[in-house]
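The letters A, B, C, D, E and F name the chains in turn, as written, and every chain counts its residues from 1.
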Amino acid sequence: MKLVVINPNSTVSMTEKIVAAARAVAAPGVEIEGRTATGAPASIQGHHDEAMCAPHLLREVREAEEAGADAIVLACFDDPALGACREVATGPVIGICEAGVKAASMIATSFSVVTTLPRSVPVIEDLVRGYGLAHRCRRVRSAAIPVLALEEPGSDARARVRDEILRAIEEDGCEAVVLGCAGMADLVAWLSEETGIPVIDGVAVATKFAEALVGAGLRTSKSGAYAQPETH
Amino acid sequence: MKLVVINPNSTVSMTEKIVAAARAVAAPGVEIEGRTATGAPASIQGHHDEAMCAPHLLREVREAEEAGADAIVLACFDDPALGACREVATGPVIGICEAGVKAASMIATSFSVVTTLPRSVPVIEDLVRGYGLAHRCRRVRSAAIPVLALEEPGSDARARVRDEILRAIEEDGCEAVVLGCAGMADLVAWLSEETGIPVIDGVAVATKFAEALVGAGLRTSKSGAYAQPETH
Amino acid sequence: MKLVVINPNSTVSMTEKIVAAARAVAAPGVEIEGRTATGAPASIQGHHDEAMCAPHLLREVREAEEAGADAIVLACFDDPALGACREVATGPVIGICEAGVKAASMIATSFSVVTTLPRSVPVIEDLVRGYGLAHRCRRVRSAAIPVLALEEPGSDARARVRDEILRAIEEDGCEAVVLGCAGMADLVAWLSEETGIPVIDGVAVATKFAEALVGAGLRTSKSGAYAQPETH
Amino acid sequence: MKLVVINPNSTVSMTEKIVAAARAVAAPGVEIEGRTATGAPASIQGHHDEAMCAPHLLREVREAEEAGADAIVLACFDDPALGACREVATGPVIGICEAGVKAASMIATSFSVVTTLPRSVPVIEDLVRGYGLAHRCRRVRSAAIPVLALEEPGSDARARVRDEILRAIEEDGCEAVVLGCAGMADLVAWLSEETGIPVIDGVAVATKFAEALVGAGLRTSKSGAYAQPETH
Amino acid sequence: MKLVVINPNSTVSMTEKIVAAARAVAAPGVEIEGRTATGAPASIQGHHDEAMCAPHLLREVREAEEAGADAIVLACFDDPALGACREVATGPVIGICEAGVKAASMIATSFSVVTTLPRSVPVIEDLVRGYGLAHRCRRVRSAAIPVLALEEPGSDARARVRDEILRAIEEDGCEAVVLGCAGMADLVAWLSEETGIPVIDGVAVATKFAEALVGAGLRTSKSGAYAQPETH
Amino acid sequence: MKLVVINPNSTVSMTEKIVAAARAVAAPGVEIEGRTATGAPASIQGHHDEAMCAPHLLREVREAEEAGADAIVLACFDDPALGACREVATGPVIGICEAGVKAASMIATSFSVVTTLPRSVPVIEDLVRGYGLAHRCRRVRSAAIPVLALEEPGSDARARVRDEILRAIEEDGCEAVVLGCAGMADLVAWLSEETGIPVIDGVAVATKFAEALVGAGLRTSKSGAYAQPETH
């Protein structure tokens, strides 16, 4: 089985981190390939950046399937252009926000999300509502750090994420936390240990859910909204 | 006051029709300018087409404001990239689906939507849910015609739209109908007469709502999700 | 075009303020006429007052249409008897709560409402839920002032409204604020300036939305719930 | 214990029927007194009629409590001015729609409502949604009869109500039916027998719920929205 | 009329308290019989305890009806196995959570719930959501006391419950409070007095609602989900 | 990795079928062990049967973990006692209804469920609503066959399930179908082929999701509702 993990932004160091996170959890015999949406913004911070990454992302989805991808992981927590990717693909496409919150709802009755920027909070709230899990989500929180700060050695971004999780536990009474940015994928083990509750990295669970759907023989429905687009 | 009506697809005949619909309702002294998202797909039929039109659309939004637009009407019923347009703009941006269903909810307790293609039905259902009006929407229906059939002289598209509205009245008991495609803008008077209930064209009401917000001194909030994007 | 703005309470000074707010935003050529629901309570503070104003209000709606009104603005934030007014009228009838929150949802992803009395909070929460915008409304807040304090020169009511908006921004993270009382209509420019986010006066936007619906050729649906009442 | 059953319309024969229905289920020692909202419309068919009955209804609520009522039943399925009545009263006030659908939800996982006029359907749908039971309500149906036809000897109204219930069972798969008009109170035993599923008369259950709240020592909360109105 | 109040846990002192609460409100001529789910856990603290009590509870339901019960009150605030009890019974079965929150919604526009243990909070939140009253429930709160502490003379459990109610009034602005544990039934009069708002004991209102449904001639629908189980 | 698939009913032939379905999709190196809730009803047809199977099921959960299970699949579409199993377990516990509908929502914008008995329809509707996917579920349908008919060679149960799926496609416009009974696990390939849309077997996807959560290092949160029960 071959899974392709696409980073919808153009920052290669982030692609590498994401691929490492996917490989760390992949089952034996599952090949993980990373792809970067070259030409997209350097990070996805809001609706505009989502829109600007989409054509590059769709190109990568197409090329990934042409190169044999059985399923695709969309590795940005805004799940940008997820419906469009599903139209273009024939195998499953899994967004890391959808995977993260659905996984959380299988191991806890409530969760909070901790993301980077304040401006992403309403974006994620809308996603969670669309996925039907608003009643399980105590709160979407921001650690008030730019996405790319997570890439900078020596920044206090890690500590701020941990502190925000601790506040979520204290103030929200949440039973699990979902990390609201693909760039936090390498922090998940450390954060789980520091905070004592399940901390969920969307990249890892999306990778595993992609494996799961492929393993169960499921592909994207081509009957209805996700039918191949008329135009290419 | 200057309003710019942007056609997110690249079909110029549709832009002309939309501009005519906007001009037909514009208040005295309101200038209507049309813009076509050149480079976008010829029609927007699903998520993929929405994604592919977005960068072109955002370019038009920016240029429209640079050329003095006080507000922008996004003239495709999928309201593609509406959040992104609001980030980029400083004045109001009104989508025709949002305007259409909000207008319907001010003159009727229930409405149905009649769109072109079956594949647009779930897209519009999701939009209506996001706008909070699922409880007012009896049903989203398709007249089973391609978007561009509405541009072809001699097609039976007009009649099929009318027949679908009559079915909506009969089967759904709806009190009003919202036309689910910008390309139906020129049919609204005829359809109202044929069917006997209020038929709402999103282009017309979005144009008037744009006037309304500008006239009330409102602009897009730049505090939060619709702040200017970091990246250009 | 002639719009009639009806004050559902019997306080004439409030009618004058409301009419001024409507005139300040009306398009050229739009005539604004004010009407006071003489015989109604002096202010609308809760369900009882809504019920007691309704017959007077309905009389004014009828007389307004007989005198040539193209549309009616119902200028109390409780939107009292809005459905009944729509049954009686043939043109559009716009409530200022409905208009305010729908306008807010077109320029921001979230808003809070700031009203006068604590007892109005649950009333407005129910209205917002009915309009389908509970997911966009961070919180309905009260500045803890009686409605008529806004009419008294020298009261600290203005300052208290401003302070409550500042708390809404700080505590709720809202991107816009809707003023929850027709009596605040004259404060909107000052409050916008003091607080730095869009502040929305329902009277102004309801006036513009009334213009909009008339301009788009829409009238209240007489098919279904808003059909003329059997009894007069 | 003294319960007052108020007919919000002015048709005395309907009051008598309602009082009989209440007396038929009242516990030993519970006195039932009927009151008619003299001056109100002859029947409540839509929002306008609700609004016009309200002041008369509120007068009856006040007089009922002055005359020693421990609780009040509001015997019209539109639950007109229910919040206003609760402000004015100190004991519990129970609407027959609220009572009917809450009772249904205690004995069945789903129910349909069968009312008289088509125009009442959206009114009742909104009430059921407000009471939080939309997910239990399969459908609100109309038997397409005027309210007062139920008062006319020899009309086919009874048979049409029965037939509509049978259609509800067949088409909706509902497990119980709530009668959507106070004027159907005398039909409940016959309809239960004819249809074989629980048929619920709101007058009966509202009477019993009023007894229940009084018996449990509960009164309307005077802290918040239902506090006494400032104005009389 | 004979009502059977079943304590789903095996603590006899709690059964006695519950029976006393039911008898205190029962109408003249209504016989109250208590039953204890011998063999069940000593208290119901979470989903596991609910599951373990269920077979014992169902046995008691069957025996109660064989012994002539007209209706059954399920006296644990988690409403454990309520659907199963309704399948097995022919008369009405009322859960105290369902009764408590439905009663609250008839006398107030909002309520909070005060329960014993923190772990019961998400359980009750789910119940309230299922009953459709999430929009009326300000918050489910825990007084952080074990269920059985309420049985211990000299514990500070009573005071902690009162203090939590006072916090609910202050912080939530709720208009009524529902006691979230059958073991608080004997505190209701004292708590109402101490706090000044309606405090609702589910045992009392469930008893009265059981009387009400029996008095209105209603039984559990045997058409659909609550039909008798195939297997015994 | 060792996954234990528990059949909550006592029919061993069904356990064998379920285990076969799980093994058919398990990744290399994943051991699947089946367990039967001996002592439970022969099939789970409604709330009562759910309640009666629960203690036996919980015993199996405990023994499975003592015997080294990394995760547990609960193989009955009613997801009986799922919360209780999660309290008792330390690894993930996945219900097949939850897994089925969550998988469906990742490959389609809408789905219908096809189950066996009519009485299971409202049970499953409630589950789907609780999982937050009511807006994705077009309809829960019954093929009107007893659960155990699926075990009988020569019955027409298979054909009836297929026909019901074809009706779902035609009437509901659903894009995928979820099989609403563990006993249909062996039909999934045949049904997919016969119907042309993705048909989802909960046993297969629950098995894969269990693998996924274990592979991502996630365990049931022991902070909050799913903490170990106090009592054993």
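Note that a contact is a pair of C-beta atoms (placed from the backbone, for glycine too) under 8 Å apart; a residue touches a chain by one contact, two chains touch by 3 or more.
In UniProt terms, the chains line up like this: A, B, C, D, E, F = Aspartate/glutamate racemase family protein.
If you're wondering where the values come from, they're calculated on a predicted model, not measured in any experiment.
**Q** Which chains lie in contact with each of subunit B and subunit F?
**A** Touching subunit B and subunit F alike, sorted by label: A, D.
**Q** Quick one: subunit B and subunit C, Cα centre-to-centre, how many Å?
**A** The separation of the two C-alpha centroids amounts to 26 Å.
**Q** I'd like to verify one number: the distance from the centre of subunit A to the centre of subunit D, where each centre is the average of its C-alpha atoms, in whole angstrom.
**A** Distance between chain centres: 51 Å.
**Q** Could you give the separation in Å between the centres of subunit D and subunit F, each centre being the mean of its C-alpha atoms?
**A** Here the centre of subunit F sits 42 Å away from the centre of subunit D.
**Q** I need the residues of subunit D touching at least two other chains; which ones are they?
**A** As it turns out, subunit D has residues touching two or more other chains at 83, 86, 109-110, 118, 121-122, 126, 134-135, 173, 175, 224-225.
**Q** Determine which chains touch and list them pairwise.
**A** Contacting pairs: A-B, A-C, A-E, A-F, B-C, B-D, B-F, C-D, C-E, D-E, D-F, E-F.
**Q** Inside the complex, what are the residues of subunit E that reach subunit D?
**A** Per the touch definition, subunit E meets subunit D at residues 25-29, 83, 86, 92, 94, 98, 102-103, 105-110, 131-136, 169, 173, 175-176, 189, 192, 196-198, 200-201, 204-205, 207-209, 211-213, 215-221, 223-226.
**Q** Along subunit F, where are the residues that touch subunit E in the complex?
**A** Residues 41-43, 45-52, 54-55, 58, 81, 83-84, 86-88, 118-119, 121-123, 126, 130, 224-225, 227, 229-231.
**Q** Hey, which residues of subunit B end up touching subunit D in the complex?
**A** 109-110, 135, 173, 175
**Q** Can you list the subunit B residues touching subunit F in their complex?
**A** On the subunit B side, the touching residues are 118, 121-122, 126, 129, 134.
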